[in-house]
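Multiple structures follow.
Shared chain: subunit A. Partners: subunit B in the first complex, subunit C in the second.
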Partner chain A sequence: MTVQPNDTLLEVKDLQTHFFMAEGVAKAVDSTTFSIGRGKVLGVVGESGCGKSVTARSIMRMVRPPGHTVDGEILYARAAETGPTTSVDLLQLPATGAEMRSIRGGEISMIFQEPRASLSPVHRIGDQITENILLHQPVSPAEAEDIATDMLQQVHIPLPEQRMGAFAHQLSGGMCQRVMIAMALSCHPNLLIADEPTTALDVTTEAQILELMQGLQADLNMAIMFITHDLGVVADMADEVAVMYLGKIVERGAAADIFRDPKHPYTIALLESLPRMDQKREWLQTIRGVVPDPYSTLSGCPFHPRCADFMPGVCDEIVPQPITLEDEREVRCLLYTEHATRETPPPAEEASHQ
Partner chain B sequence: MAGTVAGHQLPPAAHLLTNVMREYVLQRVLQLIPTLFLISIVSFTIIQLPPGDYVTTYVANLAAAGEEVSEAEIAALEEHYGLNQPGYIQYIKWITNFLQGDMGLSFYWDRPVNRLIGERLMLTMIMSFFTLLFVYAMAIPIGIYSAVRQYSPADYTFTFIGFIGLATPNFLLALIFMYIGIAFFDADAGGLFSIEYLDAPWSVAKIWDMLKHMWLPVVIVGTSGTAGTIRVMRATTLDELGRPYVETARAKGLREGPMTMKYPVRVALNPILSTIGWQLPQIVSGTVLVALVLNLPTTGPLLWRALMSQDLYLAASMILILSSLTLIGTLISDILLAWVDPRIRYGERGTT
Partner chain C sequence: MLEVNGLKKHFPLTSGLFSKVVSHIKAVDGVDFTLQKGETLGLVGESGCGKTTVGRLIMRLYAPTAGDINFRPHGEEGAQYDLGALDNKALRPVRTHLQMIFQDPYTSLNPRKTILDIIGEPLRLNGMSRGSELEDRVVEMLRLVGLRPEYITRYPHAFSGGQRQRIGIARALILNPTLVIADEPVSALDVSVQAQILNLLKFLQRELDLTYLFIAHDLGVVKHISDRVAVMYVGKLVELAEADDLYRKPLHPYTEALLSAVHVAGPAHSQGERIVLEGEVADPSNPPSGCYFHPRCRYAQDRCHQETPELQNVAKDRYVACHFAEELDLAGAGTT
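Right after this comes the complex of A and B.
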């Protein structure tokens, strides 16, 4: 762990969220373990369908049928009004019970990918923000409205008093995401889960939203779980990065270390597929193949059909377990186990050996 | 200008909006006048298009019964009804009187059209109001429940019943209900009043008697509407339940039930609310068959009879009323839609 245990805000252990479909069971999240420190930013990176969003919804206890969180622990360090912080396993709370509902939206809140569609088309944005405040804070409607206006000011929305009466369709996508952020932060949550918050926005707006989130994160000392498919987006923001593939975290560590020296072949491939200004390349690197069918049961490492360092007879037979390397780096890859050293030389010469 | 109105309770945009709305409504009402004028011409012409007129039909009926009618008598009849004048003169006379509230004389009934339509129109509207109430009271909760508990046994049951209701013709349902009522409950199915109240003046007892008779036609006429509305409500609610704003609302920590009513159901109700106006013309014309089977004193059978006997002024007046209701209904729908769904407020512009 890069954070001290007593500074850990959220600890997810062996989370298993599966979707029970007619075609079979899709293990959207399959024994995922990670933690987020108080006031830290965790970037969760992976391709579409790797389980990032389902992990987020599992924490919020908002997974809808046919999805079910079947196993694991989500330990949330809940600060009591007085006295010490207690650790609550969110999976032990009834998903629609009073305690979970007071955490959801009040202490852990979430913003989404499609900002305009995420706001109600028929309610004024002011009403939508004040609703959240009234739900979690003991204030009068008038006070809630003042807080809401103040929040709109904080997310740099011009003329906040007037925007309170606007509808979502009257605002641009970037403005809608600012409203969503204002709504999510209106109760000063300990953790903000941002599920691809800038994916639907153009790059200029994306940069503004990221800058805004960084600023607010520092001001409010709140932790962020930033979900994205774009490693470049989390490069500036994240303290820690977790790379997900097919429901499992394949590499986890300090952001700087991962960008400097990626260990897992999937992380390496992801980084190589980023367009870079300082290198002249004819073609943009891509990762060969596609994400396998979620119902398929691949033997061995789930990444082996697409892996550049595939070791026949090893990777397609043994399921890799997380291993901790130097710098508290955690990697799920057989290249860093005794299987690799016994049968093949270090990864660099692996290809010529075959 | 917008900034001068202070306070959060009433954002400046709201003032602008109501002005835009008022202008829009006024404009639409003014547009109704020429449209209605054209419709009155068209409906009058259509009634006159078939060969012959009321007198021809009348004479033919008498001839079929074996009675002779002399040329002089026919001429006298045509003179009496004003049918010997050119069509446009008849129209101008009729429409001028119509605007003053006189819809002319029904040849068949030999009574003023006003008196003929008046009571029936009121009864029809009362019945249609209850039918509409019945349809919405049944269909909206069931539709919501079916959507929220999709693929549950209850959903399948309602869907099954709904399709049967949709597939059964109303007149057949009327016959079945009449048979059940007479055979098992000794009820006097048919009609809206008991015999002793038929020609009695209006009183509390008569209204009570009417309500006791009315539930049966209301259920019969409302069944297919209920079945259809359940399908619409279920589909739109399902559609809205999957939208991202529902997830946002859920992420706030709202209770699931109130959240469902406040967000997805509120949006899913828009198409239902905004099509209330379209029911207006159906209220008058939609129940002809059931009304004939159940012997209801509503407007449906009256229009049917008027068209059969080429009863010029009665048919034209009723068609003009129907058309007006269609236009007014559409206008009400448009205004309602703008009122319930801010995305469709007319003439409003985005602020960014």
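Right after this comes the complex of A and C.
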């Protein structure tokens, strides 16, 4: 990756979060490895059910039974008050222990897709933000209130003093999302996990929120893990992109490279299936079949039944491992290995989406 | 085929013990457009702009406050109905020509009914067929929308979102309608499924000679499927044009801002400056004076505060409601 080891803020290694259901074990996150550099934006994309949100919740240690994080490491570079940065494995901490609680919401915070559902309907906006500040910062209630008002100002909420006393139902969706951002940023987190923060919003409101997030990210030198299914938003926001399919990261690399020259057939197919304003096409490309149900155990590459470049006898037998190509791209695909039955891996050139 | 003139829908806002009407929410406030046979008109705008209300008025799920909706179904020579003036009984035969596809495939199908019941219900209700004849029609529809006939006895929970949307489409098309109103039919779906449904809708339009009113907020989707596009803001149309013209060269500042807000999933940003609109959509119960868009418009001048612009025909097939439409040089979405 482009990140220098000492600049890495969060390193996730071989994370496995499984859901133990009556129907079987659903491997929602299945050996996922990635890292986020300090002050960088990582975009995580994929269709519903690919494990994006479960990955985020695993980092926050918020996976509820029947889900369990069964294996892996989540190394977080925690800056001490004085002295050197120490690396903490979040999975080794008790999920409800003091240390994890001080990290969650303070050093790593999260914003959710449904802003209105994530705010308490019976508490005032100001009290909800103040509560988080008091939990994580050694300040008096009056000071916390000042910080909260200041945060509302920073997220461009008009008349912040008055809005402190408002309830969630009195605000629009865009305003609620600003309140969520204010709350998440009130303790100056090192990492913000944004799970589909703009999916429920109109394009114009989305543009406002994204501009706001970009501005604050630069000001606070905060890293963002940006989870979305909107490839357009990722292209605009992210430094690096990870594409997930069935709990695995199938492609990872610099955002500009991935959109210019996608390597994995799934990434290519996703980009091809988008209706684009700058192109005229009669028919959209589709991916055949559907995402298989999470309990199924597919042999070989999990994408092989839907893949346009399926190689019989190879893809349905060998499980692809992540390999690193040029420009530090990581791909989980057998087309780029010695198992490939063709001379040259054709997909990127052949199906170029330009 | 469909002609909408001066369509208005005001919802009363009541308050107090006797539900006194204190004001009106002008959800739709004077909308005019026409639909040609076989075309797709895209209707776009932010949430709360009234686009869904327009769809429901044409379906006559709401009675309009004012205006006419003149509708000429195919298969009935010379017949013309003013949908706004008909009562429920008179509407019944006309309704078979008008069908709707809904946004949420999870809540728009009755979970206690089989696919046969769901898709066959319109036929049964209208007394058009029953028994094995009805079953044959349902099987035919399932094939047409790309579902397997064996699914006929299953319940909705057994299907994925994309399959459910196909069921919703089969139910809408079984009566062989003239006009299909699709209200955000793909916004709840993943991109790969969205592509399948969009292709299906295009294919069915050709097969069955359908006319679509396609309501959506995703401008990429609307461009792909529409022949013409209408842009709505606070109950009024602000621009109406051929899709390619509108995207290449918008004439209304609101259209320009909407287009610039779209994120293109590509490496090179063909689009220019992103216009971030300040503030929020105007309150339809208390709209601003003059042009409703002026508080958010970066080109607004004194005249915009006072005079409300009318939707005017400025070029062939181009309508825009802006005082300065012909003076402004607005940026469109890059077309290659």
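In this section, the second predicted complex is superposed on the first by the 340 of 354 C-alpha atoms of A that agree within 3 Å, B and C clash if a C-alpha of one lies under 4 Å from a C-alpha of the other, contacts with A are read in each partner's own complex, and residues count from 1 in each chain.
Methods note: a contact is a pair of C-beta atoms (placed from the backbone, for glycine too) under 8 Å apart; a residue touches a chain by one contact, two chains touch by 3 or more.
Fair warning: this is a prediction, and the values are worked out from it, not measured in the lab.
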| item | value |
| --- | --- |
| Touched partner set for A:T286, first subunit B, second subunit C, both or neither | second |
| Partner chain in contact with A:L220 - subunit B first, subunit C second, else both or neither | neither |
| Touching partner for A:R101 - first (subunit B), second (subunit C), both, neither | first |
| Which of subunit B and subunit C A:V70 touches, first, second, both or neither | neither |
| Partner chain(s) touched by A:S172 [first = subunit B, second = subunit C, both, neither] | both |
| Which superposed partner A:H136 touches (first subunit B, second subunit C, both, neither) | first |
| Which superposed partner A:V88 touches (first subunit B, second subunit C, both, neither) | neither |
| Touched partner set for A:E145, first subunit B, second subunit C, both or neither | first |
| Doubly contacted residues of subunit A, that is, touched by subunit B and again by subunit C | 172, 175 |
| Touching residues (chain side subunit B, partner subunit A) in the complex | 2-3, 6, 8, 10-14, 243-245, 247-256, 263, 266-267, 270, 340-343, 350-352 |
| Touching residues on subunit C, where the partner in the complex is subunit A | 46-47, 160, 162, 190-196, 198-199, 202, 217-221, 223-225, 244, 247, 257-271, 274-278, 280-281, 333-336 |
| For the subunit A and subunit B complex, residues of the former touching the latter | 60, 62, 96, 100-106, 109-110, 112-114, 117-124, 126, 131-132, 135-136, 145, 149, 159, 161-167, 169-172, 175, 180, 183 |
| Of subunit A, residues touching subunit C in the complex | 47-48, 172-175, 202-208, 211, 229-236, 256, 259-260, 269-271, 273-281, 283-287, 290, 353-354 |
